[in-house]
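Please go over the structures that come below.
In the two complexes that follow, chain A is the common piece, with chain B as its partner first and chain C second.
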Partner chain A sequence: MNKKKQKRNFVLICLAPAVILFTVFMIYPTINVFLMSTLKWGGLSGNKTFIGFANFISLFKDMNFIRSCQNTIFLIAIVTIVTLALAIIFASILVREKIKGQNFFRVIFYIPNILSVVVISAIFTAIYDPASGLINGFISLFKPENWETIKFIGNESIVIYSVAGALIWQAIGYYMVMYMASMSSIPEHLYEAASLEGAGKLQQFFSITLPLVWDNIRTTLTFFIISTINLSFLMTKILTTGGPNGASETVLGYLYNQAYTNSSYGYAMAIGAVVFIFSFILSAVVNKATEREVLER
Partner chain B sequence: MKMKKVLSLGLSVLMCATLLAGCGSDKNEATSAEGKTLKIAGLNGGYGTAGWEAVVKAFEEKTGAKVELQLEKNIADVLRPVITSGKDVPDLIYLSVGSEGGLVDTMIQEKAITEITDVLDMKVYGEDIKVKDKLIPGFTSSFSTSPYGDGKLYLAPFTYDPCGLFYNAGLFKEKGWKVPTTWDEMWELGDKAKKEGISLFTYPTTGYFDAFFSALLNETAGPDAYKKAMEYDVDTWKSADVKKAFEIVGKLAKYTHPDTVTNATTDKAFTKNQQLILDNKALFCPNGTWLPTEMAKAPRADGFSWGFTALPKVTADGDSYSSTFSEQVYIPSKAKEVDLAKTFITFIYSDEAAKLFVEKAGTVLPTTTASGFIPEKVKDESGKEIDNEKKLFYSIYDNGAKSDIVGFKAVEAIPGVTLLTDKGILYGSVNAVVNGTMSVDEWYNQVVEAVGKYAEK
Partner chain C sequence: MKKNKSMNTEKLYKIFIYVALISLAISIIIPVAWVFMASIKENKEFYGNPWSLPAGFHFENFITAFNQAKMGEYMLNSVITTALSLVILLVVSLPASYVLARFTFVGKKFFNTLFMAGLFINVNYIVVPIFLMLLDWDNAIYSMFGIEFFLNNKFVLSLVYASTAIPFTVYLLTGYFRTLPKAYEEAAFIDGCGYFKTMMKVMIPMAKPSIVTVILFNFLSFWNEYIISLTLMPGASKTLPVGLMNLMQAVRGAADYGTMYAGLVMVMLPTLILYIMVQKKLTQGMTLGGLKD
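Let's turn to the complex of A and B:
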């Protein structure tokens, strides 16, 4: 009797620190965000006025918010699809083909992932520079003297693609290395059997490789979508500060501006609440949509 | 066995102690409490820290008080949690209205600043003249120092920076071009320059349009209308004279260097736009008198020399305006040593402090005597003595240009509507106008609509 109680107490004490930390740093701030979203508040002093759902109502009429949502969703879609597709392809090539220097490529591809967003923005500012950037300089070798350089960041229609490019470059390595690890565990005899039956490389890829790593892809997909919401904010904050006249403004960037530059903290918290709910729903949808039967090896 | 236990206990204590390594503060603790302690926090910006350090030292010697000076590049981020908590709030803050981080603007909004109208009637420290007579007229009646429009002073004007158009005087001499005095001459020059592959205009970021546009409004609509416009009077904004200012900027957009928007958009890349003047790729750039110091180390075309002019006139017999930009210092309402802070403000305006500020940092105070202390000669990069360009800039009003002060009245923020910052509807849209994705009419209508929303509040 005593021993059982002792054991239970011991378990509770061990769990306590983690539970406390989780409550204080995760649960409490989240509840706080929802509470603050019902206020009209400047963000510094104690003058708070309760206004209920008024913030949310003005939010859905706010064209700038709608546009920033569109930009964010666009970035999530493009960056996720392109990154994961390229990562899977590269991983499959590096694992299946006997290419010299496999480890060397792994390192090279992975390096962008360890760079901070500030460094990546600095690199891409130089690459995208309208006067003497890497890309413009290269293209101008083949073009006549008076050709106008491409304004990767100054042009409102392509700035979002420029940001997507930087985000993809940064993320490919990490996912490639992860998929390489899970692909290496697929036994070789499956491929041998398939090629004996006349399956080409491509068919082997879609029939053997992909289904067997699908569970891994599913987990990284959810994780990546959420991290893109955060990373897109960081990247646009430094590379484009929201783009020419808001063309590359993300939903978190808009939140930041409203909170600090426009002294509308309650409104910003309403945006935060919407983003929170949206991420939950998105993860749930993605999870459900990609559900497959787990295949036995 | 016991040794092992002691050793492992010692190691775990050591590990726990490293948890506390993160604690500790950056600020120097006050080692002595001789007299009182004044806490000053401010921006380490274009003017650096040398001026403040010298003036603070002089103040300490004169009064026996101790001063804790904290100047940071990101002071708004550093101060925000301090102000929110209300504990250990600095007694004096050096940060301007409209600065990055929105700290000052939010504090004005929330009425968290001490009124300092009584400072105007105090005597300048160590001198026999009242502060209000020492200051250049106009500086204390603008919305950046008296934001609520009630005649009471809340922020003390700190710098005196004429803003205007910078250009390469050497290039103009070489080509035999005359600096335009009217906007028609400006367009002619623009066409001439285009033939040589040089753009007429560039701008660092859209944030610099506050000084430029204010001066332009004064030129097209006159100072009375300008004052009403700064109070969000919708009828003034709907007038044709005000619309003319938008149209001039719209035409200027067509003469703007094509790389401008890209460099204005990327964080911290605005110096590339300023570089265009130095490289003879663009002719004019709106800026303030800190520009030569900011670009001191930048390479430049042969024969380059700084030229500075007020905005061209709208009509031949109209007025030419050049905005005066001013930074501010203020006392938060939760400050402890309010009287000591007010004494410090009176000291800032003294000749002694003005001399120190201008010699160590190139900062010119808005007092009647300060611009007289600008040294005639300074040392350039190689240590050679050259004429101090600052003297040229401060003589801009001697040549007939009129001055106006930048600043809108402080109003309650409207969620989702940002009018004034560098990304706001008024100035931020310039990037889209230059790109051609927004027409002048669209820009104008959006501004009028936003002004209407503020006017309703």
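Let's turn to the complex of A and C:
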């Protein structure tokens, strides 16, 4: 009996700190997102009044919000497709081909992932700068006269692609290394058999490599969507500050502005609630849509 | 003849592969190397072509960044916060993970699911409620004791950092503890070790590989983090990435490029050095967790 009590106390003591911290700083604020979204709350000392779903109704009439949603969805789509495609291709090249300096490439490609978003934004500010940027500077080496510099961040129709470029640049290496790990566990004899039957490299890729890492791709896809929602916000906040004219404003950036520039916390949290639900639904849909029959190795 | 043709396509394919690999490598190496070069350029050099090499070794940029731009102070803040967060994270997560992996008790499944669900919580929008909660607490103790405590506090910031990393860390560590053989624990119990001593002396040392992975990944995310730090430390005391943000904004007005790039180097050099030292471990550790926070 005493022993049982001892064990119970031990479990309790071990578990309590983690559960308390997690509840106070993660669960409670998450619940608060939803509670606050039903309040009309302006200013730090402002009055809080319960207004039900009124925040959500005005959200869907708010053109700035809708625009920020479109930007975010556009970024999710383009960054996901390009990054995953490139990551898979580079991973399969590095795993399947006899490449000189394979390790070197792996080490280099992973570097962007260890840099702070602030650092990456600063680097891309230097790359995109219209007057003294690396790209415009490079072009002007060949076209010294009457060449109009590209305004990567100043032009409303280009800026979103510039942001996408930075996001792709930072993510490729991480996902590539992840796919390399699962590709290198595919048994060699499958490829040998395929090549004996006359299957080319492309065919081998589509009928062996891709199906066998599909499960891994599906898992990363869900997390990729969530991390793109985050990173697009963290990146644009510094790189473009949502500009010009809101052309690169993301949905979380709009949330942050509503909270800290406008001090309308209730409204901001309504955005948070929408993003929360949206990312869940999107993950579920993607998960369902990519379901395939699982192949045995 | 036919064989010759297939040899040619093979060669073309190889060339194509190398071009692709080298282009991507260059797109990463050049910007990073360029920042290092820019950090030793004098201000007037920034008005010429960006591709020109630095004229000399203008180390003063680093001194200005360290003292005038207070990057030295911010670096100390970052070191303290990162170290403290890692300690809190491990002290809190290791026992919890051990218990969740090795003991059967009422509510075990509930807690496992709870931490798993935490993987889906997005730090970027709960940062506003966390800020408001700490502000409330500050107002409460201000009316009682006349001091403010929770905002602008490195310890509280570390607590928040550690908390946000708990779900992933617990997920990774429980996974590892489950793979350890039961025999070690049984032997320790027979030798008369209590639960606590068994955990500290036998089980935690055995989990060292996964602890290293946890430290590596969280070092990077704590060191690089800026949105929580920006929100919860609105005062004069900042962490390194937020200090760098300030420098970037200052550059737009004062055009002090050299100092900014020196600050940039100060933020990324520690992570680069760590990466070069442990890159094998880091990329191997990824497959252990298989997830990104």
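The definition used in the following text is that the second predicted complex is superposed on the first by the 267 of 297 C-alpha atoms of A that agree within 3 Å, B and C clash if a C-alpha of one lies under 4 Å from a C-alpha of the other, contacts with A are read in each partner's own complex, and residues count from 1 in each chain.
Just so it is clear, a contact is a pair of C-beta atoms (placed from the backbone, for glycine too) under 8 Å apart; a residue touches a chain by one contact, two chains touch by 3 or more.
Just so you know, these numbers come straight off a predicted model, no measurement behind them.
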item: Fit or clash between chain C and chain B when superposed on chain A; value: clash
item: Partner chain in contact with A:Ser195 - chain B first, chain C second, else both or neither; value: neither
item: Contacts of A:Ser264 with chain B and chain C, given as first, second, both or neither; value: first
item: Larger contact residue set on chain A - chain B or chain C; value: C
item: Which superposed partner A:Ile238 touches (first chain B, second chain C, both, neither); value: both
item: Touched partner set for A:Ser207, first chain B, second chain C, both or neither; value: neither
item: Which superposed partner A:Glu148 touches (first chain B, second chain C, both, neither); value: first
item: Which superposed partner A:Ser227 touches (first chain B, second chain C, both, neither); value: second
item: Partner chain in contact with A:Asn287 - chain B first, chain C second, else both or neither; value: neither
item: Touched partner set for A:Thr125, first chain B, second chain C, both or neither; value: both
item: Chain C clash site on chain B (candidates 27-35, 45-53, 81-89 or 189-197); value: 81-89
item: Overlapping contact positions on chain A, where the chain C interface meets the chain B interface; value: 44, 121, 125, 129, 237-238, 260
item: Residues of chain B defined as touching chain A within the complex; value: 80, 83-84, 101-103, 105-107, 109-112, 258-267, 269, 272, 413-418, 421, 423, 428-429, 431-432, 435, 437-438
item: Touch list for chain A against partner chain B, complex; value: 42-45, 47, 55, 58-59, 62, 64-65, 121, 125, 128-131, 148-149, 151-156, 159, 237-246, 257-258, 260-264, 266-267
item: Interface residues, chain C side, partner chain A - complex; value: 13-14, 17-18, 20-21, 24-25, 27-32, 34-35, 38, 46-47, 49-51, 91-93, 95-96, 98-100, 103, 105, 111, 114-115, 118, 120-126, 128-130, 132-133, 135, 159-160, 162-164, 166-167, 170, 194-196, 199, 220, 223-227, 231, 241-242, 244-245, 248, 260, 264, 267-268, 271-272, 274-275, 279, 282-283, 286-287, 290-292
item: Residues of chain A touching chain C in the complex; value: 6-8, 10-11, 13-15, 17-19, 21-22, 24-30, 32-33, 36, 44, 90, 93-94, 97, 99, 104-112, 114-119, 121-127, 129, 132-134, 137-138, 140-141, 169, 172-174, 177-178, 181-182, 201, 216, 219, 223, 226-227, 229-230, 233-234, 237-238, 252, 255-256, 259-260, 265, 268-269, 271-272, 275-276, 279-280
